[in-house]
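As written, the chain order gives the labels A, B, C and D, with residue 1 at the start of each chain.
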Amino acid sequence: MIRTDLAMEAREAAGGDQIPGVSVVNDDKGDGVTVTRVKIFSPEGEKALGKGMGMYVTVEVPALVTNDRSTENKAAEVLAAEIRALAGDNAIRNGVLVTGLGNRMVTADSLGPAVCDALFVTRHIKQYAPQEIDERINTVSAIAPGVLGVTGVETGEVIEGVVQNVKPALVIAVDSLASRNVSRIRTTVQLTDAGISPGSGIGNKRKALNRETLGIPVIAIGVPLVVYASTIAEDLLTAANEKNEGSKRIPDFEIQRMVEGISNVNGAEMVVTPKEIDFIIQSCARLVSNALNLALHENMNLEEIQKYMS
Amino acid sequence: MIRTDLAMEAREAAGGDQIPGVSVVNDDKGDGVTVTRVKIFSPEGEKALGKGMGMYVTVEVPALVTNDRSTENKAAEVLAAEIRALAGDNAIRNGVLVTGLGNRMVTADSLGPAVCDALFVTRHIKQYAPQEIDERINTVSAIAPGVLGVTGVETGEVIEGVVQNVKPALVIAVDSLASRNVSRIRTTVQLTDAGISPGSGIGNKRKALNRETLGIPVIAIGVPLVVYASTIAEDLLTAANEKNEGSKRIPDFEIQRMVEGISNVNGAEMVVTPKEIDFIIQSCARLVSNALNLALHENMNLEEIQKYMS
Amino acid sequence: MIRTDLAMEAREAAGGDQIPGVSVVNDDKGDGVTVTRVKIFSPEGEKALGKGMGMYVTVEVPALVTNDRSTENKAAEVLAAEIRALAGDNAIRNGVLVTGLGNRMVTADSLGPAVCDALFVTRHIKQYAPQEIDERINTVSAIAPGVLGVTGVETGEVIEGVVQNVKPALVIAVDSLASRNVSRIRTTVQLTDAGISPGSGIGNKRKALNRETLGIPVIAIGVPLVVYASTIAEDLLTAANEKNEGSKRIPDFEIQRMVEGISNVNGAEMVVTPKEIDFIIQSCARLVSNALNLALHENMNLEEIQKYMS
Amino acid sequence: MIRTDLAMEAREAAGGDQIPGVSVVNDDKGDGVTVTRVKIFSPEGEKALGKGMGMYVTVEVPALVTNDRSTENKAAEVLAAEIRALAGDNAIRNGVLVTGLGNRMVTADSLGPAVCDALFVTRHIKQYAPQEIDERINTVSAIAPGVLGVTGVETGEVIEGVVQNVKPALVIAVDSLASRNVSRIRTTVQLTDAGISPGSGIGNKRKALNRETLGIPVIAIGVPLVVYASTIAEDLLTAANEKNEGSKRIPDFEIQRMVEGISNVNGAEMVVTPKEIDFIIQSCARLVSNALNLALHENMNLEEIQKYMS
């Protein structure tokens, strides 16, 4: 089965238009930035897309591949507005805990920790030296909880414990995603208020992070950084079959065998990434941390935030 | 005032022998390894040494500076035995959470996270795939909680939250220490059951980690990696004064001014470290993680543990 | 066209047995270690395999995927013997320059620099403090020249310049390779005395490094770490076509289009790697540096070398 | 003896005004930026300051400690103008090789390699794809040659070899410096056309890099990042002695012994640095690479350069 963490791709894979329980709105922001809002609003929609109910906002900026800073800044502003709209002003003003999921030691899985490293974190200043900062600054904290294989503790257990002590009004979880399509890498960000479901994405996440498990709203920000080799293989072979009308189709068990041969080799999961994934992680982390820094405070621009962070 | 995290140095600074509320036992382990056990057993002793009541075990191995692996392995074994003795078999068998304090991004403060990265972490295997490991393996988890300035959350708040969810029988906190003497760097490790007191060490720790705050025993493993520039200056100037009998002593306010001039400059705290601190962190992290890997399981040697970790 | 840097795979792709100008010898070393020696000895052979004349030795150790240290050490010993045989004792005793090709900042391309970092480098000690080391130690130096896109200088130009000044008897170039098959990653090392041809591998190399360009023998040690997404796609689609006897084959131009769609996306070259490539680089670098440390000195074991390096 | 790489400090230590063979010009640039030009113009001056003949330009920007970006950009512009003035337009237009001295693996010594990583390197584009860039862009290449202890090759040998092949009109060598005063760290940059003399600075440099050894002009850019512990100790004890008029001075041999006790311990050289040296390296590398990017091309601003580099 095709593995994608993007609701937009799951919807396409499920046939696109007119899926019961699923609605879609397209929103062209100009300058080559498009926003797509997929809403899953019934158990039927959940089943069809394999994702929990909620709003899934996909921001697409194809020009991000040029690595041009003004494009990146424009994308950060659009993202910030979408984060703010999804979270609501109240939650943002009452304290946000950002959690950077993933494994700092595995490049393709290090986006979440890298975003945490670049956030304007303020909770301790608001608490211990509030006179040092201006009233536009809200309470932000940030934790990179590590992954199960390294800590022995589920991501969800760490975050639950921190939430109990820090008592934020909102958790924002940043993570790498798997996409169906290599062209999404570096051009797409997904926001959702459905939280993060266990087992999805890359990394180890068994316990869902969502309003049910944490007791407060959870927004997940996901950035496609890998495509599973199995997804690519399956898509290619399915496309090959579609060219073979009639009786000469490759049988499913053969496809299965061929896919397996390249997807899990010697116990290692194979992924397709740009060769220079290291630099892409850097620019995606800058994009998402800038978007969060803009969204989580009141009317501050990046330059003002930079001054505070120094 | 002299800043040292080592009870042994605090005792020397307080005059050495015959301090009420403080007892000392020396234990020569042979092969150039010595163990000193300073016990602070009364409020009087606490006050005299500026440290909480408890046992402070200092393991000194001057030959570690040669970076010879057999010396390092011998030191790891002695350390493991001391950890085991201080913790007790029961606590070790009922689940240990190791917390690596300090800031991963600041070399001199990165020991704790580096130790976590090299630990044999087993809690998730014991929980989800117990058949894969043998009965000598105990339950170990490991968290690097970050520092207040980066996360906005006190180290103690993160650990408290994780302890509530993971429910270990013992917390072991690994941290960098400040020493009074540069010759301690790379040659000394301190273990204590007194926990870690707020504000000590380098890094940001306000809430104490100890039995009172966490409800379970806490062992702190500290490795001297820096000497404050102020400590060095003060020691030098005091020694200079001692050579000046009579009326010609440098007045205290002058000493104070000279010390300040080199200790906190442009808002940055000045420390004295070996130029190649990066490599020293690596070897100290290997020493401490090996010691923990030996101490926390039952009769396993490093080679067996290595096999499991691969 | 299929891109592989392994002569062994090029031979298989060219039809295997009985290729004029190419000979093959298999050598089973026991314990699951096999050595294959492909010799290209005529221009006909060169053309058939798309590689220069010379000896290509492939060492295969499937058990390396278990990450077991004794397997790794056995593999290092076999590799060391093959390096020694290919280089000859004379060259090794007259000074070796190891060059670690590739880009330190790009994980999948960082093997060469990582090997350099772990080498026992001795040239400066032999020159300035010969009394400090024993007579079994030969003259070894090591340079990671960077890649064209980062330095603006071709790898070959840097190495040529260093060779002119250092005057080694032999250059050994370590690099990442592209393979045709994901199962080669972590299990295979190729040695060759044919040097490294421009444009092959990942990284930027236009000027060949070989006896012709450098005036001294060049041995290349290559470790397969990626498979190009295009290779995987082409292999899958060709296999699909083979199942479609008769007229229903996917036309070549369609295959071409499908392959391009996943191989070069938004200006980024797509590669297939294990998700945890970061750790694999570490273990491959340890294997190759240990093999070189064993090969380049006289009858020293890893423990003795470790002592000198500390 | 006091160890400083700054001509300005050497001049002060030598008594300041009226040193034969040494002239000084102060140039206040406004906004808190001052430039001091020390010229050593005779062998007498060389001897008095312990530095080779040439121009030493010190740029001081105390406000850099605030980490404010507009201060940093202003400093980069002043530095760029000084680099340009010292190098001359002709040399800059005929090809520059930047060499980043120091050890990438040792934080306090990693400035040079970090500057190289952030440079706008163009030589390969000018050579292979000149149509892609505009005529304001000059030919720049960049090499981090490593240090003797890691490569076995002297820095000077590597650079000589590269110079022979790349044939630049000018070499710019970037390196960490040792200063006498902790307050210089992060606030000062020294430029000189005297090259870099062997044995100075931190790292291993025996062969001088200058016009005599390389045959082309050499500009050295040095940034004070450490103070030797011995310097601090000696300064403190000398100051202490100055307060002790009369017969009660600490004898020189005692001072010597006290200094040695904290400067070279267990074979490790002790230095004084800010605890957060890791971040300081980052901001200094950004400052120097921005200054070079501005200086080495014609009338380009940082934004234009950023676009080309992406």
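Operating definition for what follows: a contact is a pair of C-beta atoms (placed from the backbone, for glycine too) under 8 Å apart; a residue touches a chain by one contact, two chains touch by 3 or more.
Here the structure is a predicted model, which means the values were calculated and not measured.
Interface matching across C-D, A-D or A-B places the copy of B-C, with more than half of contact pairs shared by residue number, at A-D. One inter-chain figure worth recording: chain A and chain C are separated by 37 Å, centre to centre, where each centre is the mean of the chain's CA atoms. Averaging C-alpha coordinates per chain places the centre of chain A 43 Å away from that of chain D.
In chain D, the residues touching two or more other chains are 105. If you draw each protein chain as a dot and join the dots that touch, every dot ends up joined to every other dot. Residues 62, 65, 105-109, 182-183, 185-187, 202, 226, 229, 232-233, 236-237, 239-241, 243-246, 248, 250, 254, 258, 262, 265-280 of chain D touch chain B in their complex. Of all residues in chain D, those touching chain C in their complex are 104-105, 116-117, 121-125, 139-146, 148-154, 157-158, 160-166.
Across the interface of their complex, chain C is touched by residues 66-69, 303, 306-307, 310 of chain B.
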